[in-house]
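As written, the chains take the letters A, B, C and D, and residue 1 is the first residue of each chain.
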């Protein structure tokens, strides 16, 4: 079904390969549920804004994905009758796949007090059991065409792990009681620590470079094909911008100076009344921030987070710099290891970048915060959407959005890679989005 | 605190009187909770539209009412320190009492996944326990000034019993799974029964009449003072209009003929796309209706329900009649017993009116459906709002709303009386509102 | 066509009667145009808000009224072919008569740069010429059935004279150049004059009274039938509230005290940012007001004008009083002469009430400012809308509006009478609406 | 003031150069007014939507530009007092230059019935006279720093010539009378002519190419710097897509097939109810189109016009092709002459492309219709906004818009060049925007 979704496509898998995939499936499904252990049933239900979804919906939708795109075709291939877990779940838990059929409207997801949380977990159990049956058949060489789709399903579930966290954070932030998802040791390293060294910029030479996914491992269709691009000489900051630096931008009147802003950004500032990043709250003469560990003081040396593209762009202009293009970012990240502060750390908040000496190249390109780029989210030259329903996965969103790179503290580590292109509208702030400067 | 709220005000109560009030308190509080027995925790949380509130909010707000207007003043009277159950509940569960302090915004009530359902029930237990302490002091003659407020609190809780039911109905109706609050025996009496006899109109003579609450028992401030009004001769239908009759209005193009509608009503028809009462769903060539027992066929002989004032007005015009004024309604209801199909029946749906022979006066004036009147909700001559914060209870809503009379299948029986004035905007449809014709 | 529209209906008229009507027609049509003499073509075109209409539209619509409801039926009666002045004007200049056919949408009236002003005046000439032909036939006894409709047409044109003035005022107020419709002698009598004496209240006794139009002269259908109503004893202010008094309300924090306001009114204050009447502009530490003579200082002894019902209601509450019902107003006005500062004075602004000695009853009931009443605009008992298309004139607006009484400085004098019921939504401020207190 | 705005900057001009510029000034100013000769005063006033401006406003704003950015600095340089034509025009006719001061709000431009059309023409005369005085000083070597700004002012006025035409077209299209700006010979060449030959695609080889403005003549800041870009091999259609081809897209269900659309585009289709290009009107079973010559039949061989980016993108997908990037477009246009059907032809409508034999490269790259590209409007590498207030001209709009290339039948010929980047939001349809396919 999915063409070009990684190296495994279409070829029968060895028993070891299947076993590896089955183990990853179990681990990823379990990690999703581990994120919810402190939630009460009430917390699973509410949709705090149209862009967010209830936790329950994330849990069910990722299961629907496997049921619809893997289990049902497998049954067809066996010429066996297929009975979905519930006749209406296809309608309730389809996100946006027009070709699959009618859907419950996105802004209405929060109306669904039923199925209950318990029933949704049963749905997950049901799908997991059916997947376990499938592994055997796969090891016997059947259903080779489904391998690539299962791979997509795993990465899809990881995307929803991140969204689940950002959506819960948004939900809890609406509550004057300021509930915390995680308690225990405070993640506020850096509150009283020394200010970081000033940003250094690492130079990169001009040249004709190749970017995009070149095969070897999984990638989404929007990362392909690998292609040449000419990049002018540029310099990239050695670390993301910090809260302390952002406070300077604010102190310099950043939110009151239209000349720093794109026209649409200035409109947003005025209509939304922005005067600080999302989740910052003024408390007397200083600022606090709401985190998944609750409300606490701003840590000046942490990367600034939950800013829109407009804020990132304005702050870069104020700093006499600009945002990097996604090509520049990828060129700079090419030699870096894909490691950093990801969701598995349990920190669930950006951490100060360790830059103890003059930087030898950009640090912390991965994890902590998604980095807004100056690039609109558009198809690469020669882009082909996946065939079939999964063709709706990425391509149809290629207008009105900006690219972010590098993953965040809410992204699972194994979900990230150098060529990964995330995308959100320029006004979005509820993702863990931050700023890296370029020149 | 409350002036004029029934006969008990300001006078110390006998031990019997206090015991009677305590018993009523316990019964009313228990009845509220009995309405929720089939709900799951998820069902308590969601707000399906800005006009509705989550079940959890109803449970907490009614407790906040007693805590704020009874328990805290009682503590002050004792010169005892007062600790509210939770320091933020005053903010979260104040509805609209500006004079009491800041409030969580109404359309945000559905964002509160915490406090949990369990914590809200603890809050209720806490308030109930404190009230039990108070009864003793009241029997000893203390706090006589609080009696009237407690009385208000009981009627207030009954109002929220009705809203809880209409709000759950609205919530469940949003869910494609069509959950039911009540299962078991179907309440669809009248689906296949014989059509009712045509409506008879009972005549009433012109005259100077007195209307409004004249003392004796509790009444809200908006029912006073009792006053004279001149009523022309009129005739009133012997029963509410039925679904069958309303289907005739629909079949006659009622929703497509602007000449039948008030100008604002016609706007609403077009903007909202109305073509039937709320909760009706077309299924092929016939109509089904969503009830608290789930989806079922329309019963032609049941009173039509969940229509707006605009629909009631247009349908009356189509029928060559009109809606009664609230004065006409009260005059006609004066001699009727306040009994009918109320919430206690557990039916939770209107029932066909029993009119087996030519009517000797209007039937079913109480219960089944609230009856829209042709009267705007305005103060009676000489109206005085209650003193203090409870002055915000009724008076400030006296614009933009129409009066409804008689109570519905969701109203507790002991909450109703002949002079009772309910009020909603003319476009509201989620209350159990129906039609009685006049000429 | 029009039933019950004045005494003349259906009966042939004497030559004198026809001549009188023809003379009135000419005078009214000329007065409309006299209001426009200082306008430039550009001023005729623009619609400054959906509730207002362009001057050009008023000029054309009033002509369309005669063409459609008088000239076309007359042609039909003669069995003569009828050619309208322009085949599309029926579409463009029908206001809201659904039964007459499709219409250009109200909020789009300002899109019509064509027909030009010149063409609209030609349209008027065309209709006037055809009317002149008709008078002869009427004097010969023909078309007796049209007399009542012509009478309606005359009053209809007078209503549009008032709207033309209020709409031009609203339009000019949007322009930072602050254009004036009238120049020359300033109308600001009362700016520096002595404050008026405090308001006196005149008492009226309780009793069963008759109100509404009782025949004799023209009246709209909504003023009938004359009927009995019981009025409690009340007292009415001897003059409208002044700007000076309203400034005291403002100084007392009137716009910042929710307890003074109806709930919908308080919403309006906050959403609209009201802090003074419409057309008031703060200039340093004092207030100016935009009038049809341009911008000038507030005159403290002039009646306050351009307030909404909500403001009138809140200010009355602040003053320890209330607004009168329309029944009280009519009872109080019964013995007063219908005279005052009307449009013919050319003053086009309210004038201070002359109350030189203790009042012997309310003054200035007519002219200056429309007086908001506490009554919703609803049908009188036994109300019958006119037959035919003119039945849409008044009846279908009987929801969501409040009654105003007495006419204003923009109303033609001969248009006013004691039983006249004007109506606007409670938030409307662009009519010359003011406040008279009652108790 | 303007840095880098063409070759003339900062250097004193010879008398011949000044004379040439003065002649161009006169010609451009006169051409603006020639576009208005058939307008009536009423037509100059109205704003048909927030994106459009009244004709009067265009006439005044272009004059304000010269007054503010040229005449006032010239007076300062002379140390002479400067009096603007009217003290409020700076407020009324500033478009969006935040750094220049407060402005009348854009959506309120249509409220300004004053200044009259006559006064606006006087304003133009006044500015023109002052410019004539300036030419002498410039020939004497003074004000060399203003030359570049004057050049911008000329191109600015040409941009408003185009907007004036598109805004009048939009305004007249709102009027059921369907007024025409131009009468006389019909521009509907191609209605009954033979269908054009099928589109041919011309191939272009991959390579590292240079794009952007390289000096020599005027260009806007957003066209610079000239820079290298790697372009993959591609093929470009030899002509714009025609109405006939677009009708095939429509007949194939183009507006009802979500799989052809970007997600935002499909939303727009549903919310706006699009089912054909703007200005198309269904008449029975065929389509008519509103043009500046009035309503007429669709001409199948004319380029399709007034489509949004979303429609262009969906139609290209349906055709098995895609839109070109702006780099591809510029590479393909490099060798073409900048000539075509521009505003000077007076045709004011696209014309069928003459492709009489197999194409030897793309035709009609210039004029007729702006061609949507697949490129978001973003800064070129190393982009520098002009210094000072004119820095707001282009840079701050670099988000949320797509690039269009080549000019249209409403663009003045001398305004166009190969590197010109026009930009509009992807939903915009009131510009003369069309489709050229690429592969």
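Simple rule for what comes next: a contact is a pair of C-beta atoms (placed from the backbone, for glycine too) under 8 Å apart; a residue touches a chain by one contact, two chains touch by 3 or more.
Note that this is a predicted model, so its numbers are computed, not measured.
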Next item on the list: Please flag the chain sitting at the greatest distance from chain C, going by CA centroids.
Entry: A
Check: Where the centres are mean C-alpha positions, what is the separation of chain B from chain D, in Å?
Finding: 60
Margin query: I'd like to verify one number: the distance from the centre of chain B to the centre of chain C, where each centre is the average of its C-alpha atoms, in whole angstrom.
Written below: 39
Notebook entry, point to check: Which residues does chain C have that touch at least 2 chains other than itself?
Noted result: none
Next item on the list: Once you've mapped the touching chain pairs, tell me: line, ring, star, complete or other?
Entry: ring
Notebook entry, point to check: Which part of chain B faces chain C closely enough to touch in the complex?
Noted result: 96, 98-99, 208, 227-230, 232, 258-259, 261-266, 309-310, 313, 325, 374-376, 378-379, 381-382, 391-392, 396-400, 426
Item checked: Footprint of chain D on chain C - complex, ascending -> 40-46, 48, 56, 88, 91-92, 104, 108, 110-117, 171-172, 174-177, 179
